[in-house]
Amino acid sequence: MLALNVVLAIMWMTLQRSFTLADFVVGFGLGLGVIMLTQRVLREQIADTAVLRQPGAQQGYPQRAILWLRFIGFALWSIIKANWEVAKIVVRPRLNINPGIIAIPLDVKSEIGITVLANLITLTPGTVSLDVSSYKDTIYVHCIDIQDADAIRDDIKQNFERRVMELFP
Amino acid sequence: MLIALVLLALASAPLGLLARREPRPLIGWLLALIPLALFAGLCSQLPTVLAGGRVDAALPWVPAMGLELRFALDGLSMLFALIITGIGVLILGYAGFYMDKDPGLGRFLATLILFMGAMLGLVLAGNVLTMFVFWELTSVTSYLLIGYKHDYPEARRGAQQSLLITGGGGLALLVGLLILGQAAQQAGVPATEAYRFDAIIGAGEAIRQSPLYAPAVWLVFLGCFTKSAQLPFHFWLPGAMQAPTPASAFLHSATMVKAGVYLLARLAPGLGGTALWHTTLILVGGATFVFGAIVACRQFDIKALLAYTTLSMLGGLVLLIGLGGDYGAEALAVNILAHALYKSALFMVAGIIDHEAGTRDLKRLGGMRAYMPITMVVAALALLSQMAIPVELGFVAKEWMLEAALESPQPAPLRFLGLAAILTAAVAYIVAGWRLFRNVFLGQPHPDVLQHHVEEPKFGMLVAPALPALLSLVLPVGFLPLVSQFLSPAAGAVLGEPLRFELYLYHGVTPALLLSLSAIVVGGLLATRERQIAALPGAPAWFNGGLLFDRLIDGMLAFATSLTRRTQVGRMRAYMLYSVLAFLGLVGLPFLLFGLGAVRVGADSDLHFYEIIATGLIPVGILATITARSRLGAIIAVGVVGAMVSLFFVLFSAPDLALTQLLIEVLSTVFLLLVFSVLPARFESLSPSWVRWRDAGIAIVFGALMTGLVLATATSELFPPLAPYFLANSLAEGKGANVVNVILVDFRGFDTMGEITVLFIAVLGIFGLLRFRRQVPIAVRRSQHAVIPGAPVGGAEAATPEEEPVKG
Amino acid sequence: MALNEWLTVLLCSVGVAFMLLSSVGVLRMPDLYTRIHAAGKAGTLGVIGVLLGVGLYYGDLLSAGKMVALIAFFLLTSPVAGHMIDRAAYLTGVKATPSTGPDDLQGRYDAEGRLH
Amino acid sequence: MGIFDLAMTTLMAATAISLALTTARLLLGPSIPDRAMAFDMIMIHVVALISMYAVMVNQQSLLDSVLVVALLGFLGTVALARYIEEGRN
Amino acid sequence: MANHLFIPLVSPLLGATLAVIFGRQRLVARAMVLASVLCNLGYSLWLLWLVGTQGRQVSQGGGWIAPFGISMVADGLGAIMLCVASVLMLATVAYSFFTLDPAYERYFYYPLLLLLLLGVSGAFLTGDIFNLYVWFEVLLMASFGLITLGGTRGQLEGGLKYMVLNLVGSTAFLIACGLLYGVVGTLNMAHIAERMASVREPGILTAVACMFLFAYGSKAAIVPLYFWLPTSYHTPPVAVTAIFSGLLTKVGAYSLYRVFGTVMQNELQHLAPLLLLIAGLTMVIGVLGAMAQMNVRRILSFHIVSQIGYTIMGLGLASAAGLAAGLLFTAHVMIVKAALFFIGGAAEQIYGTAEIKPMGGLARREPALAIFWFLGILSLAGIPPLSGFFGKLALLQVGVGQGAYLISAVAAGTSILTFFSMLKIWNEVFWKKAYADMSKLPRVGPGLLLPGAALVVVSLVAGLAASTLVDYSTLAGTQLFDQAGYIGAVCGADGCEAVYESALR
Amino acid sequence: MVLLLAIAIGSLFGGAIYLMLRRSVVKLILGLVLLSHGVNLLIFVMGDGVRRGAPPIVDAQGLPPPGVADPLVQALILTAIVISFGLTAFVLALAYRANQAVGTDDLDDMASTDRL
Amino acid sequence: MYDSVILRTVARLMLPILLLLSVFMLLRGHNLPGGGFIGGLVASCGVILQMVAFGPSFARRVMPVNYLALAAFGVCFAAFWGLPALFSGLPYMTAFWIEPSIPGVGKIGTPVLFDVGVYFTVVGVTTQLALLLAEEPVLFPMPPEPPGAEPEGAPQA
């Protein structure tokens, strides 16, 4: 929570475009107020993630930072790739695609993890996450062009879910 | 003095409520002390008046409008005032006995006294507006008296008819009087005094020359004719006989109906003397005179018979004013007095008969002489006066009337018409009088009558008609010089100059006497055949003012209903259409006429492509909205329009606006979705295509108009705007760099105050709108209302309050 | 033109190009589900390009930081929007193009719109 | 007008064309989710237009507005989708 | 500077917000509402006296000089209207205390009433055309809340039409404000007046003026813009209808008076014949509508339309005297109409319906109610010495004096039709025999009778003391028509343009 | 500029009026929304010129940028926007309730209060 | 209950950020685009987002505020700051400023406080409105779809 409060204060300073002590104090105070008002949602979110985190999975800060950076890099690259793919489809003179919806079982448990995964799926080549089952065990993905459904499934599980799991259990 | 008299009369009205207690008959006479006191008070002024003087009194009321409580007592006023109070004494006493079983007597007497006060005010008024105030009061009190027995539909109808006729006439009169006042002002009278009688009369010469004269006179005529039941407004008077007899005797014979005559007489010196004045009065008065007299011969209800003779006599009085001249004025005075005496007596006798025999129907009466001889004598005295049989006051009066016709300064044809009318009426009066007397007192009693315990009324009741009846005989026999002296100033007031005349019973064999006698003879002859006359075919059924009036009212109601049905159709789009068309008419036409010249279509030099697109997408979005076939589609399209408008604001230097617009847009869209997601997705095409095309046409015209207005105003450089001030002072004075926000919270913070209040009210209103129904059990609200059992229920949605609240 | 202006124009061009592409895609694609793919591009690369370009224009860290925050925001929200629309379309019975292959979602929604 | 301005204007024009194309989808539909998607895209275009415009007229304060617009686009789309679903029966 | 001019606005605003915050404590909320209404009443009487003795009162909102900030101006017209509004509000609050289902209270009925008063007071006092729009919206919004509070089907249907048609009118108002700013470049009424008076060829200004006519006219319910009124006014609780009849259309009329009487006098002279035509049509069509109805409240509602015709007639006479007469009439009608609604509402409470056919026999059962009703209709019909007579007399006098005979005749003729349709109620409800045993029906308590009776007494007293009233209305008419005086009071002796130029130098 | 805007304004008003003449409550409300857009734009044009790129924000010396837009109309429109938002919300709630009460969104079926 | 894990997560994340943003918009309004209205609307958008994601009852719980009273308080607060002027003999709403600018916040004066009142009002009103509308039970029985009518989502391509 304190970290969040500091983050909010920094966000405040960013918005204000001035990094003075006074700004920090005001931002911190406001952040405190905001957190007080919204602690119910925040607590849910944090509790949810913390409970699922396995004891052994705790890593040191440097590892986590590297994981984060790798993840972001991977995500950005995937996004650019995805855009390129779709752009190619769009400008193709004749559209002969074979879209479909496929179900992918999930190992990620935390809501934030699922969300990140779903977003990642959407942002990457030819797939849009359509919905997550209410037991959070399956994600349904719409693919723009299915040549091999299992290949897509594997790709997603291996590439995406694994990386997400590293950060969000 | 005069003010005190009038106010006393009005203020003592609540005393009438005393008569709610026993002994009612005596309280009636006790209350008669009020008019008696007034009578005495008036009499105390007699010396001044008889000497040709005038008593004045005035109380300022609304000086700015020329309205004051101004009273003036001269001969004419004195005549009327004494009649009003004198007969008032008798009527009050009489009413106590007549209505002793009636629980509403108190209310009745109170109204009667109020009426008397009003009437007194009317005749004493020295200012036309003062007079009008009391004129209206008499109409209203008369309404209450006629409708006294309001459980009966006929009573309500009669009351309403009389009020509408006299009230409508009153309004015409008001306008007429105002025009007179205006004319007087144009003649140089200061505005504050322009409405005084003497000012108007004094400016008479100028007024008669004025173009305002004719409309004013016509309007005054309208007022007077309606009030005095002249043809063709006569029909309310018989209807007014629904009033209890004392009221009829007082209002509809002796006093109120004479108000019109009074006013004509009062204004005669100022407005008279023109062909318009005299011709109209002679024609209308003569026609009414004859009509009433003849119709009276055919009535079976005593009160109706008397009502028609009253009607007739009012015509006679108007005729006299029309005939003009010395004799006309004199005859008017005498006839007013004579008529008041005998007619009030007759009405009271009619009441006695009704009271004792239980009916007023001539066909169901007869032989009363055996049961009520004194009453018969009283009736005979009064009737003889009405029939103008010699030595009665009525005879003297009729003589003077004939003289007036013979000596009238009017052109011969008019004179002749007047004479003919007088003679015809005189003959008819004899027939009618005899018919009444014979069928009531002579012959065999009707079996119905015998069932009642008919007997001579109590003294307290009989004395009331006996007194005027006796006076009808005594005055001409013993006091003619006194009467003449008393009436002279009245006649003088009508004539407009001092006058002194002597009444006589016999003055040698004059043409008038001969005519009078021959009328008696002819009348007597016809009277023997009264049954046949009564059986003669009457006027055609359609020639019935009352019926015509009712038709008029019904027609108006039907028109009103159909108009309302057609315009107030209840459909929103109809109302919307009216509004839009009204806008096109009210704004579009003036724009076409005056504003078109200002339209400037400047070439837009440096437009950017993206600006064109952003702006151009607005119409596209609108088109999408209009053509959308689903609610959500339309909502989304509107959202896009809003987004484009915001974009536009960004592009043209209004970031605050853009942000607010966008935020509001999204919020509105969310609200729309919340509300309308539950409805079926599809729009049905509800209107036929011609309606849609018509609406499209109207919409296009509307849009074009707005475009034109924008083009005409946006480029206007008539004046520099306020804006520079705000830009210059924002930082220095308002301590803020964002000028828009400084305007909002400081320069025009008051607007913002109102605006957040609007938001606040909106949430309060919506809270009530959405939540109210939930927590109020229907039973609680229902229990507060009950529809009277057995009553017919109006429409389906008649009972709005207890209507089922929507379930929630 | 300064360097930052060149950069800005370049990045913006990329962004705008992607936006144009995705608009074309949204027009051309056969059904809603495939259009969402195209639309997502505008919401991501298109806007990212533009925002990056704009962020770099001012050359200061703060503006760039703000833009990065904005980009993060878009990366977070744009897929969610796509997901919501897709889901709503599926639930309201918007038909997929006939060439659609497998549909693992078939019959998995219950009456309340819960997915099993 | 400098080259930069010209370039930016051209870019904005291109974005505007893209916007118009998106609006065509709004008009065409055919389904309501299609229109909702078009709405989302339109808001994104608005964001892009405002950002570029901010650069063009050198109004940094507009960039904060962009944040709000982006937020609103998201909220609007989500609400739309949600209530499209709500009204499905 | 008369800074106290803000009191009648701050008081209901604070009263309403506090009443909402303390809504749970019923008595506290009621006390606040009452206190705030009484405060307004006392203040407005004092203000009237002040205006009478010292002339116009002016204050500049936020302390910004005249054509730039928002001016508050109280002249005779504003002060009189403020007084009448407060009196009516007091009567309505009292009537509501006694008659209304307590459930209404829980849904902010009283705060809404106060906010209505706020909007009305603001409208009467402001000297800024756009600010006037804002107050219009405040009072409209409050009226929307009040007219629909209760949620019967009739209220919802009627309320929807009421709302939408009023929105059209207020939108026109806003457009007109915008166009006016576009052409004249200012929003302060005094400044507008000064600038418009200096224009030789009005041209487009006439169209703008006509748009104001449309906007205010639709609020005032003139023909052909009155349809929203009869369709909705009979649906809410009586207290609401009464206060609406007293205040809402009158604000439209007030604005017409203000804008055409003071600000756009040239246009007034142009439009006078049109106004007289509208006045005549409004009188007649309104009263015909009333004749067609068989429901107490609907009859009275149509009469509101008809009587607006008289008000417009005063305006159409286009003179200080005409405005004064119209004002006199309007003030009278505001009071009497509310009284009649209250008394009719009492009858409605007895019978559980406002339809006149099933009623009857009330004159015997409730003589006091009958007397006050009768006095009320006499006043409405313009029978002396009640206040209605003076309003009618004044209008006719000026009409005749200015040679407007036709409209005077129509006005006179309409008043007899008014009387006729009111007598219909009297006949059916009071005089007619009761259809059945009335002893089971509830009696009228003092709370139900007093507010209406008090207003009738006010009408009677106003008639007897008409001189004062006429003096004040004459003063108001004169002040209203005195453009130069108004400009001088708001912007100083040199006028607004001088202030404008020196501020921007 | 003005011509273009005038046409946009005209079309907003025309569309609004057309929608408000329809029988459906929803269309009526959408018409009201369009109407308020039209008015806002109209007032905007009435300002002291419609200008590009110069929002009414003064610099540290209190001097406005050259070619600044009219701040007053912007403030007026802001007020108008907010007010019309309140009104729209209310009319929405009212329409919703009327819908419930009458059972249809056809305005022609809401004519009971005028029945003679 | 509406059920979308993804939306819920995102909505949760955005609430504090939006609230902070709203305060930011409010405070900078006097010098840059923003102000009480915009700030208030942003804040209520945050709550409305919760409402869309979780439903109205959750949205009421997540920030336990009586929005109606908040709106009333806002109006009262805004009106209140006009009063000091009245008591010192100046016209209502005449501005008073605290001379030195407060670090981190900026200049404080009655107009700014007034704007804060506006902010509260707007938050209270818009949020309450959204919640009221969203809490409406859907009671209105929908007329059956005419048999011939195609749902709009039918394929047309």
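Every chain is named by a letter (A, B, C, D, E, F and G) in the order it is written, and numbering of its residues begins at 1.
Just so we're on the same page, contacts are C-beta pairs under 8 Å (C-beta built on N, C-alpha and C of every residue); 3 or more make two chains touch, one makes a residue touch a chain.
All figures in this text were calculated on a predicted structure; none of them were measured in a lab.
Identification of common neighbours of subunit C and subunit E yields G.
Chains making contact with subunit C as well as with subunit F: D, G. Chain closest to the overall centre, judged by the mean of its C-alpha atoms against the mean of all protein C-alpha atoms: E. Relative to the C-alpha centre of subunit D, the farthest chain centre belongs to B. Centre to centre, using the average C-alpha position, subunit C and subunit G are separated by 28 Å. Separating the CA-averaged centres of subunit A and subunit B is a span of 84 Å. Per-chain Cα centroids separate subunit D from subunit E by 48 Å. Centre-to-centre separation of subunit A and subunit E, using mean CA positions: 62 Å.
Of all residues in subunit B, those that touch two or more other chains are 561, 564-565, 568, 570, 572, 576, 623, 630, 633, 651, 655-656, 659-660, 663-664, 666-667, 670-671, 674-676, 678-679, 681, 706, 713-714, 721-722, 724, 726, 728, 737-738, 740, 744, 746-753, 755-762, 764-767, 769-771, 795, 797, 806, 808.
Shared interface positions of subunit G, i.e. residues touching 2 or more other chains, are given as 2-4, 6-7, 10, 13, 21, 24, 28, 31-34, 37-38, 42, 45, 48, 52, 68, 72, 75, 79, 82, 92-93, 95, 125, 129, 132-133, 136, 139-140, 142-143, 151-155, 157. Multi-chain contact residues of subunit E (touching two or more other chains) are listed as 13, 17, 20, 61-62, 130, 134, 137, 141, 144-145, 148, 151-154, 156, 160-161, 164, 168, 175, 179, 181-182, 187, 230-231, 234-235, 292-294. Chain pairs that touch one another: A-C, A-G, B-D, B-E, B-F, B-G, C-D, C-G, D-F, D-G, E-F, E-G, F-G.
In the complex of the two chains, the subunit B residues touching subunit E come out as 60-67, 129, 132-133, 136-137, 140, 147, 150-151, 156, 160, 163-164, 167-168, 171-172, 174-175, 178-179, 181-182, 185, 215, 553, 556-557, 559-561, 563-565, 567-568, 570, 572, 574-576, 578-579, 581-583, 586-587, 590-591, 593-595, 597-598, 706, 709, 712-714, 716, 718-722, 724-726, 728, 746-751, 753-755, 757-758, 760-762, 764-769, 771-773, 775-776, 780-781, 784-795, 797-806, 808. Residues 29-38, 41-42, 44-45, 48, 52, 67-68, 71-72, 74-75, 78-79, 82, 92-93, 95, 97, 107, 109, 111-112, 114-115, 117-118, 121-122, 124-126, 128-130, 132-134, 136-140, 142-143, 145, 149, 151-152 of subunit G touch subunit B in their complex.
Put simply, subunit G touches subunit C in their complex at residues 2-4, 6-7, 10, 13, 151, 153-155, 157. Subunit D contributes residues 2-4, 7-8, 11, 14-15, 17-19, 21-22, 24-25, 28, 31-34, 36-38, 40-41, 44-45, 47-48, 51-52, 54-55, 60, 63-64, 66-67, 70-71, 73-74, 77-78, 80-82, 84-85, 88 to its touches with subunit C in the complex.
Those residues of subunit F that touch subunit E in the shared complex are 20, 25, 28, 32, 35-36, 39, 42-43, 45-47, 72-73, 76, 79-80, 83, 86-87, 90-91, 94-95, 97-98, 101-102, 107, 110-114, 116.
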